[in-house]
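Before anything else, here is the set of structures, which you'll find just below.
In what comes next, chain A is part of two complexes: it sits with chain B in the first one and with chain C in the second one.
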Partner chain A sequence: MTVSESDHQRRPAHHDPILQIRNTSVTFDMDRGESRVLDDVELDIQRNEILGIVGESGSGKSMLASALLDAVVDPGVAYGDITYRPTDGEPVDVLDLDKQGLKELRWETISMVFQGAMSSFNPVRKIRTHFVETLDAHDYDIDEGMERAEGILEDLYLEPDRVLDSYPHELSGGMKQRALIALSLVLEPEVLVMDEPTAALDLLMQRSIISLIREIKAEYDLTIVFITHDLPLVADIADRIGVLYAFEFVELGPTDEILEDAAHPYTRLLLKSTPNLEAPIETMQPVEGSAPDPVNVPSGCSFHPRCPLADDQCRHEDPRAYEVNANHPVHCHHWSTAREEISMTDDYDVSSVLQSTAVDTRAQSEEIDPVVSLEDVEVHFETEQSFFDMFSDSDVVEAVNGVSVDIYEKDVVVLVGESGCGKTTLGKTAVGLQEPTGGSVQFRGHDIWDVQTGTDTGIEWGEIRRSLQIVHQDPGSALNPHRRVKTSLEAPLKRWNKDLDGNDRTQRVLSLLEHVGMTPPNDYIERYPHQLSGGEQQRVALIRAMLMNPDLIMADEPVSALDVSLRVEMMDLMIQLQDTFDTSYLFVSHDLSNARYIAEKTGGRIGVVYLGQLVEIGTPEQIIHNPQHPYTKALCWATPELGVEKNTEEAPIRTIDIPDPTDPPSGCRYHTRCPNAREICRTQSPESFDVPDETAHDAACFRVDDDHDYWTSKSITRAEETVFDD
Partner chain B sequence: MTHDESSDSIEPDGGAISSPFEVVSEYEETRSERYRKLYDAYVYAPLSIILRDWRARIGLTIVLGFLALGIIGPLVVEPTRVTEGPALVGPFENWEYVLGTDAQGRDLFAQVVHSTDTILKMVTSGALFTVIIGTTIGSIAGYKSDTPIDTALSSITDVFINLPGFPLVMVLGLLLEDHILGNPYAVGVLLSIAAWGGLARAIRSQMLTLRQESFVEASQAMGLSTPTIVFKEILPHLMPYVVINLTSAGRRVIFEAVALYYLGILPFEKLNWGTMLQLAYQARAHARPGALHWFLVPMVAIVLISIGLTLLGQSLDRVFNPRVRARHEKTTADIDESGETDEEPTNEPMGGI
Partner chain C sequence: MIQNKHTFMLTLDWRIRRIGQALFTVWAVLTLSFVMVRMMPGNIMGALVTRMSRQGINPARARELIELRLTIDPDQPIPAAYVDYLTNTLQGNLGQSIYFTRPVTEIIAETLPWTLFVLSWAIFISFFLGIAIGALMAYWEGGKLDVGLTSYAVVIGSVPFYVLALLLLIFLAYRWNLFPSNGRQPTGIDPGFTVAYVSGIVYHAALPILSMLVASGMASLGMRGNSIRVLGEDYLRVARLRGLSDLTISTQYVARNAVLPMYTSLLIRIGAMFGGSVVLEQVFQYRGIGLVLLEATHQRDYPLMMGGFMVITVAVVIALLVADLTYGYVDPRARRTQ
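Coming up: the complex of A and B.
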């Protein structure tokens, strides 16, 4: 990875802590013992810094946020010292404050932006009410406060009047999140704690909110604590990064040092397991094992069961804070050797077997018949009309519009796009779970909906149903919580392999469980889904689809619900199962780096979806290193990278918000956001062009064609239309 | 990597197995093992869940008591007849007539015992009828929403919701006198004829949300049949609600039966709680302090069984919560590491009702 100084000055560490956290723990009393969800944490938060806190889910990072506001929910108890040091006046111990003191501290001094703006606003009240109530509850002058609120909203590139008079559902996710940031700033706090503020947002929106945070920090003189599970995300903005593992900090240091030269094995492994666009995929390795249970944290160093460097000392002795340098403590006995032992670049050993089999590109498969072939597929949803609208046309959401794509035997196609762009609908249409309103979906030459209605009798509907399977995004709801692993997994066998008796079925389920690494399988087979971890649930869901022996599996964001350190492992498993079962995959993902990992490892293709249209398709190489469509370029730009450079470029996009899908723009649907849009894009919709000199790479943009009328058309981009960020 | 090792481990040392589908069965579940698991899942776990809760312990005791009274009682206690004992003996005065006698010298305890089985039969048939019809129609309508099937089923449901239930039952009771005389099962069904509409409606609306869940879509993708999806995959999520309705339907049958017998609208052969009340009323027992127990005995019986059913119904919902179940089953209990207590709310979709 390369280093270069970024555009904003990374603040040298100085000693003026605004919050000092000493020996702070949070415990929950549970039936089976005391659960320590924050373990003896020490941390100084410096005035006016952006501190990134990174940890997997269940590492205690949200607890830390709650403890800062002394807002740990019952029956949790926080103890230790959290000292707030105002610029003038006496230091205050946050955990000792009385009710009135807490009220003054929360929101007025330290405020918080929660995860999921959707649920932070009351859906039946206008945004203005939320601001007024906040001001009122803290006895602030309301007129003055609202004036300030309008100013903040403007700084966040929102129209104050429009936003304040809206109900929450009338705002997009990104606008809501910005409004929430404004709400947390209205009482002029000094510290802003943000708990996964962008987790529910799209890539492009995430990117712009991140840059906004930098702006408001300067403008309002804030100290920001940014909590996330996504290391690359904070890499851009944080001055320092703290890594939480098993309820304590394992490492804390300046961003550059953490990214380039981390000293703790966990940080190094985490960095390696994070898929990104630049690093060769061979270097991406999963972190083995899973995070410990809060009641039963391993003795000694809590990371030792997963650590390749662990020795006797690690098993018995809890590592104290060793100092890499004055600003960089690390809790590892072997920090000095970790950097050499766990190399960040050369690791070409294990997985070469996995990929070599599949890396013949699809170029030659053109002659073979596709398994599933979509031709000009359209899926339009009509929105409901009220009685009084009976004379007007109903609104139609064009979820999928004119998409054609072929999927071959043992093929992998990854669909990438923002949420609401229709990629999931397209995926479900491809596996026959959504009936298209136009065009055709063919399975081995038979239109599947003709087969279903009985007009095409060349193939059985059951055969199609068996061959096209789905793996859902959230493994928690993909498995029936009332059914044991065994019952869930036997269902497909009972339906499709009637000649098997109970013992054969069980045997098959057992061997598959073992095959995906859930050992001992006898232990797992009687469990209910809630007794499995997220990764295990996803494996069971995957096996269930595999037991049908399908020809195509549509995997709807199969790893986005998993912890970062488990994603690579899960994707490797899926690739390995593809080899065993000879299936094709249609992946759906919003994350370009995951898409690249899968597609590059299997020799598949990436398809970029925008507002129901497939705007570009090609090999990962082509999509990432030679993107043709401006939207693909924007997606590549927005994908967070572990490096520190890159953000100096201007955003290759004009507006952040996606147009209303019920009223898509005319002509090229991307022209409203495209930095290269010209007059012709407004009126004509571009066909899919073959990219010259490249096989299997198509893009739906006039710019691909060198002598198109586009080049003589007038530009419609104006200076004042450029986006708000960077 | 973990899965590399495991893929090796299932390969026998001879030829490599290319697909896990070719695995031969070496797993043999013995009969006793299977019975043990069935016992664990269907007897041991529910009982141990129920018995942890005082409401359930009381409810279960009361209901089992009435069951014993209805099944064993008639074999042990002889039916009473007129002038068996002195008239209007007070309760607990004479051990031969523990609960006293009525104005014609009939033993009230024997009357209670011999009417319990009738009442229990009515309750069983009425409650099962309500719940089975309501759940079936509601869940199919909900699963097939926006289809003609849903329109038809919902319209039928609406008709039954809007029927004035009690007057209808009164009229039908008079019309079908021959069929229901001496047939408590028929009385139970008759009393519930218009009672399932509300349940069907509620189940349908729950179904509308549940059918959006991913596991339902996965089942559809597997090509499972609609009855399997509706009744095996989705319905278990509604069981807590269904069970509460089952017990309250039972209570409603008792109340309606008693009321109709009291009013003298339903024909009867044998004495039961309702007719006991009617006879007491006609004998102006409410105005005679010495005859008050004639009223009280059937009333206490009614209140007691009603309380028993309510308590049992309330606590049974936890039996259907997989998290609670898993903690109580021997097969799975040791791996369950979640620390929640039994008092957590049952499954989410029930929150609305």
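Coming up: the complex of A and C.
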């Protein structure tokens, strides 16, 4: 290929569209009326560009993806003109093709990668069969095609033979996603449509795949349409970004322009609401309100109910495409005002609820007794055992291994790590929902498992149970679907505040509902969980935990099920409730930006977990700007930034895939992926070292200690072939 | 250390463990029936002796006869009797039937094939019919065929099969004389592999099989649900976009995945059908193991009853064992690596 990865640059939009979309709509007939899930969209996709399409869930972005292949799911109907313009030959209208024509277009010319790689393969057939049957269905030469497939898999850092001979369930999520990308490229398409291809993956894997997409685009001469809800993610690779809101494009322009000086109020607010590592947290604000219902889109500009600049014109007149410049249309009557009025950086007048408390770092006050104290905690799971297993050893998964951490009054600790690293297990252990197999968990000086068995009678088990609460990741399944909000919320009061009568209880619940912004509370209190939105369900779950008046709440990914624009709002609410109820939080998150937001706003700490071990803990400032452990550095690298300057540093990891947790590496568990690993890391497991000159910052890496034997040990990274580089 | 662990696991392969569990179940059933005979209130021995003396056999002779027939000697001390009983049973000696005055094994060997014949036809026809109908219903979900067949399946599924059997008997056998009302083989034709004889057998088995096909109504509902679930899967959408042929999609993608949950239930159903055969063979006077068991119960023919129950238990245990051992071939996700 002529374009090598290093001279990849964002191209200026030249005019050679490979796909032209004109007046394209997708509608569904629903009981409530016709639902328009893509509304009269116009778009040119240029040959060999990477076009990022960003929108919240339910903004119509997946419909656009499906329409490009004329693959809108029944009973949806796509109409309008989508013209494919081959380099040689007549333009083709995609929506007018017959069955044979569609078969030739799909996968051979325009191919697609879905979000659910986990479920994009037939579970009972090997990966190889998927490739063979695809080649066969399109009458391609199978041997030649399989050779190509192996080449693509190798380019994606997979071992072709191993992957091809596996069943889907035998591969990890990241491997499956890469295998799916390979499958979508096997017929050498010109356009690759990717619909949230990394949404279900961990940060590191996400970032690695994004880098791979760039390489692959150059090598296979592709045009890529990358659809996501995550603006920072595409910021790094897209040439142009289109923003969808309420089923139409509100803005489309070169990436730099969109990031630096977006013209549409929605884009500007969305950028501000996205947590990231660099921007000051005071500037992060939620977008007020929620996205419109497809059956009932507001008249005029669909964004006007949420827009701070809305006036009469916006309410009545649907904005046409105004031109910011030739390459940057925006659908807003007041785009030039928006650029002045909605500032992107210095919004310090925002009355952030807890700015004052962010000043003192509670982690410093170590002389106070901790609320919950974990000491050398181990949780080992054994694989299932039955009667006949009595004589055999079983495999042990070391979910948590030797973790010590103290959580103080009104403290906040955020655990960050990849999925499967044991962060949730650690969190559950801290609130007494999982019994550790080693070490101790103490609540105000009492070992909680001793209290439970009755050997420590200094405090009641019920008291501990009440004091340690949990808020689950998925609020939908954490609330009993057959109980009204009222019943769910009154239950803890009935149990723990016996002196309250029914009236008082209801009053208390009503005032809390109002407090968290669910007004009118009299309406919400009578609803069932399915009548609430995701954010509202999470609020109810949160209040339910708060009503126990707990000392510590473990919140397991409390915002990851919510839309991007709602996350900051939810986190603010949690921080505000902490102030009202005087509790401590133990958050679990896979997203460093969210972790930073919460920890920085509350003066808490971030703990980084890798394969069951706490490898580094410190204030967000320390973790993000002065990371000591190589794994923390990798996490920071993997967190997408909104910056314009491209992140071109080499990836600070040697392999993409996480080791098997049932058979963790010896010595330092990170040595197999660490770019700084030396011989000693293979054999010795590092203790936790205090980072010199910093309080409350510990990291479990030899490199922190300047006099350690590590520095004289031989490097192992050069000896092994570098498996992955950016 | 890890190495050791794995080699040790190999010696205790899960298949061996699973077979061990099956053997354990059989042993438990054998022991239970032993305990039952020994402990049953009213002393079986006494009851049998009384009955035989009523038939004019003197008690001492009756006692001798019974001891000869039962493989459990009531006068022996329990451990010795237990060991004797187990050895006898394992050697295939299930004792003598009191009522038929023939070895139990002989009676079972003579009747079991007939029951199996009816059962296997019923099971396989209902299974494949259920799958085919269910798949069609899913394909035209919400259409006339779907609504019609769903209501039909619900109605027919809630009618006990023996009620249906009686209806079939009344109409197809007595009123319209299309099928024989009882018996299991044609009269007047010499047994053998002749067209006449085999077709006669099928002719006699037709009604029992037909009444057991009711189960296919339920199977088709199950298959319909499974297929609809599979039709909504992402991999199906991807397969369509990849341009795979309709045949590949319907067989390798939809049917293959929808059948998986039904495979186990198919083999579990064998057990239920054995139980059903007792009633069914009575209705059709079809001399299989079900009818013999019923007679044995009426006649308090303990050796025959115990033998019959044991054979049924073993058959169900084997069916489940087969289901477990072969499931990995049907669904790779269930394949264990160790």
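Here, the second predicted complex is superposed on the first by the 701 of 726 C-alpha atoms of A that agree within 3 Å, B and C clash if a C-alpha of one lies under 4 Å from a C-alpha of the other, contacts with A are read in each partner's own complex, and residues count from 1 in each chain.
The rule is short, and it goes like this: a residue touches a chain if its C-beta (ideal position, glycine included) is under 8 Å from a C-beta of that chain, and two chains touch if they have at least 3 such contacts.
The model shown is predicted, which means the values in this text are computed figures rather than measured ones.
Asks: Once chain A from each complex is brought into register, does chain C clash with chain B or fit beside it?
Replies: After superposition on chain A, chain B vs chain C: fit, no clash.
Asks: State whether A:K103 touches chain B only (first), chain C only (second), both chains, or neither.
Replies: second
Asks: Applying the document's definition of touch, where does A:Y167 land relative to chain B and chain C: first, second, both, or neither?
Replies: A:Y167: touches chain C, not chain B.
Asks: So, A:D663: does it touch chain B (first), chain C (second), both, or neither?
Replies: It touches chain C, and chain B stays clear.
Asks: Quick one: name whichever of chain B and chain C touches more residues of chain A.
Replies: B
Asks: Can A:R128 be said to touch chain B (first), chain C (second), both, or neither?
Replies: It touches nothing on chain B or chain C.
Asks: With both complexes superposed on chain A, which partner does A:R444 reach: first (chain B), second (chain C), both or neither?
Replies: The answer is neither, since A:R444 touches no partner chain.
Asks: Which partner does A:A71 reach: the first (chain B), the second (chain C), both, or neither?
Replies: It touches chain C, and chain B stays clear.
Asks: By the touch definition at the top of the document, which applies to A:A137: first (chain B), second (chain C), both, or neither?
Replies: In the superposed model, A:A137 contacts chain C only, not chain B.
Asks: Check whether A:N503 is in contact with chain B, with chain C, with both or with neither, and answer first, second, both or neither.
Replies: In the superposed model, A:N503 contacts chain B only, not chain C.
Asks: Considering only the touch criterion stated at the top, classify A:L479 as touching first (chain B), second (chain C), both, or neither.
Replies: It touches chain B, and chain C stays clear.
Asks: Quick one: smallest Cα-Cα gap between chain B and chain C in the superposed arrangement, Å?
Replies: 6
Asks: Could you please specify the touching residues of chain C with respect to chain A in the complex?
Replies: It comes out as residues 2, 5, 8-9, 12, 17, 20-21, 233-235, 237-245, 248, 252-253, 256-257, 260, 330-333.
Asks: Residues of chain A touching chain B in their complex?
Replies: Residues 30-33, 35, 286, 288, 293, 295, 350-351, 431, 433, 462, 465-466, 468-470, 472-474, 477-484, 491-492, 495-496, 502-504, 506-508, 510-512, 514-517, 519, 523, 526-531, 541, 544-545, 548-549, 569, 572-573, 576, 580-581 of chain A touch chain B in their complex.
Asks: Which residues of chain B touch chain A in their complex?
Replies: Going by the criterion above, the answer is residues 1-7, 9-10, 18-21, 23-29, 37, 213-215, 217-224, 233, 236-237, 320, 322-323, 325-326, 331-332, 335-341, 347.
Asks: Would you mind writing out the residues of chain A in touch with chain C in their complex?
Replies: Touch residues, chain A against chain C: 69, 71, 73, 103, 106-107, 112, 114, 116, 119-125, 133-134, 137-138, 167, 169, 183, 386-389, 391-393, 395, 663.
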